[in-house]
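Two complexes come next, and they have one chain in common, chain A, joined by chain B in the first and chain C in the second.
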Partner chain A sequence: MNKTWWKILGSVLVIYTAIAGLLLGVPRLPILNESIRNLYFHVPMWFAMIVLFSISVFYSIKSLSSKSEIDDMKAVESVNAGIIFGLLGLVTGAIWAKYTWGQFWSFDPKQNFAAISVLLYFAYLILRNAIDEEQKRAKISAIYNIFAFPMMVVLLFVLPRLKDSLHPGNGGNPGFNSYDLDSRMRMVFYPACLGWILIGYWVYTIRFRLRSIENKQQHN
Partner chain B sequence: MQLAKEVKYLIHKEVLLEWRSKYTINGVLLYVVSTIFTCYLSFVSLGDKLAWNALFWIIILFASINGVSKSFLQETKGQQLYSYILTSPAAVLISKTVYNTILMLVLTTIALGFYTLVFDSFTPPDLLLYYVAVVMGSISFSTVFTMVSAIASKAGNGGMLMAILSFPIIIPVLILLIKLAKNAVDGLPWENSYDEIGMLVLVNILTVATSLLLFPYLWRD
Partner chain C sequence: MKKILFSLILMLTTVQLFAQDNGVEMADKLRSDGKIYVVVACIVIILLGLLAYLFSIDKRLKKIEKENLPKN
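Right after this comes the complex of A and B.
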């Protein structure tokens, strides 16, 4: 029970947000209408992605000093899990954009930069494939991962604020918090973020365990 | 002080090596000039100043990837081992970055001159601000590409990896540069560009700091 409580918590929170997010009342806003419910599903994807990528950078830094294979596997598996959430974030965002902005992809800076930051991690995975020697691969990819992380932060959090964007929180548009995230939505939104972060972390631990079993089999 | 001496010596070595063969500078120069000329022959005249600006930066981007990636990819294993024994990794990285910056400054200045000569219809009214953007571009391209080329050369898989690894990292910088250059093309007053210049300086400091922290790990084999 000690080890599984957070998995149960994550599952319960995500089931709760799926039900409550679709059934509970939301503010009536022009243009957004009922699509505002996507907030519970779109935004938590990015939170989960950022948390997973941060875990990856943490283990990359650790693997540079410890040179342990386990740290390297943790770093790559958290990137793998994080990319899933990044892609889901792009897809949920694109669907939302279709119904509110009119197009799946409307050359919005936020969308473009998010796509580029996902590309950054695809480049990381390709770099890993390019190197055969295990220790060298661990070292070089860790270095690229740490080097790329500040750039991702600039891409996702700094640059969109300088450009005009339709996305809330950018280019002079107020963020959700300031005008329409009323208390009813908060009741669902915060649990959703926590729940998806926990689920993302769970996905990462499962992937890591699978990977280490495969690794063990290869060595035997 | 030891570091400064090493850096000075290494830069001197790089410049001397380049001066003897003149391969990189002439090669990349010819690359830029022929690219600009090819663009001129295919476009004949550009539709508007936005396209003028974008085309210039695309040409510079590819030229600088070619120019800067030489710095580590070209060195043999023996040369790297030699400088590894003699100097600190920080000195190697700083000297390469400074040398690449000098190289890029020469290159982009000539490229800008030739570009405005060929496509003369949209020469920016504020040429000084545009040149500031070009200088900032030279510095940022060399800081980012030097580190990425070190990573790519250690991965032992030259050209393609270099492009894949550097594009996602350079895009934020490139966006800032194009915005800054666009201000110059539009002839806006300098006050409007301080944000972008500040951001570029910040990104460069960030890149150099992370490079300096990480390079010693990369250097050791």
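Right after this comes the complex of A and C.
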């Protein structure tokens, strides 16, 4: 993944979604109105976050068996990059909620659980900072991460579905199916997700490369 | 070839069927006034700027990597 083609692909896709997402046609729906276009910008943040956290849990498991410092650094930096996208997802969701649900934060199950799942990963970073010994830190935080990941999945995708939520796809809500089935929206939504995932992965690689140089200089 | 072209034209004519007005308020006026393009231009410039910045960080990082991690 040291090549540049995927970075350019990600950039092109993100710029494409900014243009096509604002100019192409969307379904006419009451309450949502033009804010339906937020689907192209709000949802990909969460997809990018989930992909980055999946990378993190993968390297956490790997670091437990390999005991390699590099795997541990990869796990931290992908969480660091993923949290940015999680926070952006929360803020954009709150703004969208203000104009469709009436309040920035209506203590909707989806909002609450999404906030808790971001906090889970803050706890991961705090846990790491609390341990000075490197081997111990790598092991304990890797195990924490392995537990945090399924918790995040449950908080985002299972628990909100069991409660009444205003968020599409949860509770008594019919979900985004009716919009997703719209082929015009799919043409922007899928490239948007792929584009932001690639940008997120890029940010993670930059963070990891910086960290490995810092690490090398500390050891010298 | 003609058949494909003909069916393509027929498909294109159905596109306008999607644009029917069912009384839901959308930013039609904004679009017809052309002002939405201003917003799109701004967003694209911001994104281009940020992405170019990301590329330049990447380039600088590559240089530092060459100095610090010779085997890679």
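Basically, the second predicted complex is superposed on the first by the 214 of 220 C-alpha atoms of A that agree within 3 Å, B and C clash if a C-alpha of one lies under 4 Å from a C-alpha of the other, contacts with A are read in each partner's own complex, and residues count from 1 in each chain.
Basically, contacts are C-beta pairs under 8 Å (C-beta built on N, C-alpha and C of every residue); 3 or more make two chains touch, one makes a residue touch a chain.
These numbers come from a predicted model, not from an experiment.
S.K.: Please work out whether A:25 is in contact with chain B alone, chain C alone, both, or neither, and reply first, second, both or neither.
M.R.: second
S.K.: Tell me the contact category for A:158 with respect to chain B and chain C: first, second, both or neither.
M.R.: first
S.K.: Tell me which partner A:213 touches in the superposition: chain B (first), chain C (second), both or neither.
M.R.: A:213 contacts chain C only, not chain B.
S.K.: Between chain B (first) and chain C (second), which, if any, makes contact with A:7: first, second, both or neither?
M.R.: second
S.K.: Would you sort A:120 into first (chain B), second (chain C), both or neither based on which partner it touches?
M.R.: After superposition on chain A, A:120 lies in contact with chain B alone.
S.K.: Classify the contacts of A:34 with the two partner chains as first (chain B alone), second (chain C alone), both, or neither.
M.R.: Touch partner of A:34: chain C, not chain B.
S.K.: Taking the superposition on A as described, I'd like to know which of chain B and chain C A:139 touches: first, second, both or neither.
M.R.: Touch partner of A:139: chain B, not chain C.
S.K.: So in the complex, the part of chain B that touches chain A is made up of which residues?
M.R.: By the definition above, chain B touches chain A via 147-148, 151, 154-157, 161, 164-165, 167-169, 171-172, 175-176, 179, 195-196, 199, 203, 206-207, 210-211, 214, 217-218.
S.K.: Could you pull out which chain A residues touch chain B in their complex?
M.R.: 64, 113, 116-117, 119-120, 123, 126-127, 130-131, 136, 139-140, 142-144, 146-148, 150-151, 154-155, 158-159, 162
S.K.: Could you please specify the touching residues of chain C with respect to chain A in the complex?
M.R.: Residue positions touching the partner: 18-19, 21-22, 24-27, 31, 36-37, 39-40, 43-44, 47-48, 51, 54-55, 57-58, 61, 64-65, 68-69.
S.K.: Where on chain A is chain C touching in the complex?
M.R.: Answer in residue numbers: 7, 11, 14-15, 18-19, 22-23, 25-26, 28-30, 33-34, 184, 199, 202-203, 206, 209-210, 212-213, 216-217.
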